[in-house]
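Two complexes, one shared chain (chain A), two partners (chain B, chain C).
Then we have the complex of A and B:
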């Protein structure tokens, strides 16, 4: 009888945990769904802000395409002049691996780069290459836990199954749009706050909610990077020729 | 000066400018950019060092064609040169490019043994930019891209050899030949044609390429036509290169291998004025640290000359050898470490030749005051551990320290 009661209690506890975990998974899945599109073309301005307020600007354009659940993306650097025409190509392969190349116009060569470099700084900004791809995890990538919620937002802790760059993130998700309003990135120890992402302005493009301006701040240095979306197109026809070594090396379709 | 004004005037007359823009992909874009660099410093022999250079890059881009002109004017030497004058046509998966330009072959980052389409330019010694140490060549290039492979076919109607620096700090001529009368052959005729091709493919994380090139050794051989006064006729050795390049990514390391057999027209190595057949090889292991974007590379480069003779001191292979040996082994170490969100970059490169015990150390520190303005401090040291003669030893007095700034606009 004792064993039966214990088993029932454990079952009840497990059920309640599963019920609690469900909304967080669903919310984060919806967050990813809102941010996902078959194709996208983004014109972005990166502003690097030093702790003393001094600023430097960079312009980039990013194209992405998702086919059969696999995403390819191409980033072209437009300014400053000394990095203009640097191109970065990322192609997701079957089995979860991603092949990445960078073309450096000064060297006139393309170079394959490893996924370990995903954690490296993107153009000297506070974003890593991985952050530029996505700042949130889907339900297959992390365990999500709803910490609390209010009338407007959920606060969700995500612990990635494969801890490459961060030990955990805490995301505040807007209920009305499923856009992340704030993301806190913690070190691999799970306790040290490394970076904070704050959404400053949201909007819509073709009825799709988007983040228009956001700022990533590195806590240790006080350095911050503002990312502003100047133009955006979603689900518009896009040539597959952009996501090839030919475009990477020649800049032509 | 007139030419410089002409270039500036033509830039001012250009239409309003656009940047290459994926959102305006149907429209042609015209881009003009300038780079100004000024530096001063000292050589070890207390001579003052100055460099003032203005470069202009003009580009006209369209989906189907592109035209590029890179010109630079060096005020210190009053020299104006074209780094690139080219026109490209894009048709399907084919790219045709013609003009004066450089096109890189080879898979390594720090040095190459199969990058043979352009000769060396050592008029300013060794610098920390491999492309800047190349002499652009007139060539026609056809490139074709498939899904995971590409082909280059190149034809050069004549060739430009390595800059033959005969005097000054970076002279490549042995002191015994300093007063010689040198007769150079015409290398820009069709009789001096060069041609070749490269096939590249990707197999998983391995990228590899096979190369063939029929061309000339960029450094001259020579024959003495008169001893008093000393007169020499230069001769360039035709060779065929059968080479390969590869790089294997095993994250976070990359192993690059390059190698080739240079089959000389002097097949049995009996003509002392021509270079013999040789093997050349390079292995490079590089590492990039993700968190800091720091780059570290260690490379080994070597060559082995066939039918090498030590009995004829006038043989060009013997004269060009290190310590009179048929083989040469060189180690390279390159480190780059960015700080302050990539605002401050430190670089160091060490080259050490085992046979001559000669070395070159290049160091630099650059700080971006703004995105389009940076200041730099560069130090260069040449020398040799022992007393053996070599290029490193003969450039011993060229150790220098310079400070300067560079602006893009």
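Then we have the complex of A and C:
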């Protein structure tokens, strides 16, 4: 019994030494790795919370696949009713450009949108299009600095090399899962806190740790958006047919 | 021996009394000096608030409306950086400067968004849809092409029609540090070369007032003090006496500032006047003490003369102070908090002034004037000239004077009052020659306007229904035709532009599949059927920009059947704009409120009143229409100021009437004593009406002050008439002369306000000077004439 406890303690110590020795950029690379998958299908509910407590719900499903380092994604708006079936296709091209198409069900037509609106709000929520893709940076995108840590988490400051929307972020990473528990997004001046992301519930899907519920709050307005993962599938076979203009326009494979 | 012993005892007692008196005087002076120093040290802690928000009550409906609008649409505090180049602004150098400024401004704390022609995204049609491209990508030709394709949106807002000036529109966060942001903006604009830059918007005006308020006080106090010193010297002919007279006045003013800093009273444009007013009003009390002291001091010696002077003047000074103080105190009836604070503070200040004239000044005189020194009394024949003339007029043409003056009063007072113009446009506080006014006028000439009214609409039906948007469009068309309206900003240009870019062309709808839309749910495990060749016809071949620049109105033209489907189409258009529209609709997909912003080139009260009356009539009755924004606050303040003026006018008349009734125990005399007040009011209102001086947050204080200060002349004169041993001629030579001298000194003191950098304070200085002279002259002529021709009216029956 004594042996078992000693072994356990040693193991724990060894693990914590391993964490302590882990450089910040490796932690953030691991964070990105944990969140990345070859394919994913997510059913998301967004609840927009006004400062006065008034709420509005939005529901989307998003499919994505990564092949050869290039990601394609399809977002389908399920609610509210007036944008139901609006579909948004994004196909990453060689050379860093992204082709984007929108399908307008009212006109039953699709249009190419020649832009990437990274900083713009996603469906009027507190998430920008860039936030929806990822809320953290990997080691190639930012300089990471370990600010402090405790038994359960690291607190890492990330300063992006190319500052588009944020000047810096401070992420609290859970040591056990490498999931971000809290992310603070600072303005381009690096001092003004713009938004705060808080993980409210985590879980696992097929053994993969995931964030199930998180809330993004815009500090200046007090407006918040709660994002709830209703269903999720990762690394499941996904037809490439979803990521075509044909599916975008017909809703059929 | 007995006598010698008695004398010795008397001498010891006298000496002890002298020592005791000296110690008491020193104590009084020391306490006052310490209190004044402590008070002046607190000036740094004064809370300065220059905004109209400081005046308007938090529970006022316009404040509540603005809060509701800001809750839904963000801060209403819009700032504009205007850049001007007479040779044109569309050139590489100017655009580089605008680009650099926009980037810098975006990073400033408190800035939510900064938009200019160098960072705006432009929606352009492409071969298969729409391209969202930077409006300016480095090519002047492209920029001009982009602007030309949506001229109605860019010109007037971001760029002047003649392309000589451009604007950087700054949307602030709800909670930001105004002073810090404006300081940073000024620092950014300071080294500007080749362009003329200016910062505009309501926050700039309030900030400028905040900066200028203390500086103005620091500037005005020495001027007013110098004028008062001049008046005091002319009366007293002694530098020493002049300087001593100033001490109680400075003490009272310092204490008023100290009370403000300790009590946390906000230093507004109204409360700022208190120290200056105390200097002016209090000078009359010190003149009374010193002039009487000089009359008696040669014969009676310092102590005896002072004792007699204080005894004789306590009641007149207290009575005069009481009427003035109650005139000020009538402001307690005002609905505006700064006016109530002003009234209470002035009341306390006048009481301190009177008390310090009766305690501090005698103590100072005793300490400084130790030995009776012969005082040269300069008597000048001319000094009684005006009073003598008044007596002659009252005697010879008294009845004519009475009839004419009462006729003038009966006509001028109501007529001038009815023609008073109201207006609390905060920019009007500054002189036309000021940089702020010049910049604003210049901007308003070239752009849509820097004044704004925000209208929050909550329709009874869905916001995005074409029917709803059409009503809004019709209302905007009416508003744009109104005088002074430079433009109206709304969601409509975005809807129309998106319809133009993404909407179908004329024949497009014929090729559309009528197959029902399959319901997508990836997780339902439904097998997605294969699309048949016939079903799919790529619309990607259809170019963007084939639609019309209009609100989609006819469902059939869009292959749809109902208005609701068109509303869905509009929501799908707006999905692409996302957060860019949060200043116009409260949700990009399911809005239930929309905001239209009316930009005005001028914001006179008449225009605002007309527009606020017109706007609700442009929408169906079951829509909620709320009007807010900076100019709505200004209009609400105008209404409150007018209401405050009426209430304080009548309450001060009543207060003064009751005080005089209490003093003379006669309703008849109390009523007669209001005559100089009414003439003061008539002259003030006439000048205001003739010279278009607006009734604003400062000039509205005048009426109550005129009554409070003007009634003193009537009281002094009536009291003198009551003394049976004096005829009208001798009253005119003594009291009449003193009244004229007092009016001249107060008027001269108020002339110091003409040096203020704020127009309402300049107006107040001018109007109050006129009011005092008018009150003094009417007291002498009319009350004199009544005494001569209708003596029974003004003489009390012996009781």
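Observations on the structure shown:
Please note the rule applied: the second predicted complex is superposed on the first by the 224 of 253 C-alpha atoms of A that agree within 3 Å, B and C clash if a C-alpha of one lies under 4 Å from a C-alpha of the other, contacts with A are read in each partner's own complex, and residues count from 1 in each chain.
Quick note on the criterion: a residue touches a chain if its C-beta (ideal position, glycine included) is under 8 Å from a C-beta of that chain, and two chains touch if they have at least 3 such contacts.
This structure is a prediction, so every number in the text was calculated from the model and none was measured.
In the overlay built on the shared chain, the residue A:56 is in contact with chain B and with chain C.
Contact with chain C, but none with chain B, is seen for A:187 once the two complexes are overlaid on the shared chain. In the superposed model, A:206 makes contact with neither chain B nor chain C. Contact with both chain B and chain C is seen for A:113 once the two complexes are overlaid on the shared chain.
After overlaying the two complexes on the shared chain, residue contacts for A:231 are found with chain B and with chain C alike. Contacts of chain A with chain B, set against its contacts with chain C after fitting on chain A, overlap at residues 41, 43, 48, 50, 56, 58, 61, 63, 76, 78, 80-82, 85, 106-109, 111-115, 117, 120-121, 123-124, 231, 233, 245-246, 249-253.
Those residues of chain A whose C-beta lies close enough to touch chain C in the complex are 41, 43, 48, 50-52, 56, 58, 61, 63, 76-78, 80-83, 85-87, 101-102, 104-115, 117, 120-124, 187-189, 191-192, 220-221, 231, 233, 241, 245-247, 249-253. On chain C, the positions that touch chain A within their shared complex are 71, 74, 106-109, 112, 121, 126, 128-133, 173-175, 464, 502-504, 508, 512-513, 517-523, 528-531, 535-536, 538-540, 542, 544, 558-560, 565-569, 571-573, 575-576, 578-580, 582, 587-590. Put simply, chain A touches chain B in their complex at residues 41, 43, 48, 50, 56-59, 61, 63, 76, 78-82, 84-85, 106-109, 111-121, 123-126, 223, 231, 233, 242, 244-246, 249-253. Residue ranges on chain B touching chain A, taken from their complex, read 19-23, 33, 35, 61, 63, 66, 88, 90, 93, 95, 102-104, 109, 129-131, 143, 145, 147-148, 150, 205, 207, 247, 249, 251-252, 254, 288-293, 338, 341-343, 368, 370-372, 408-409.
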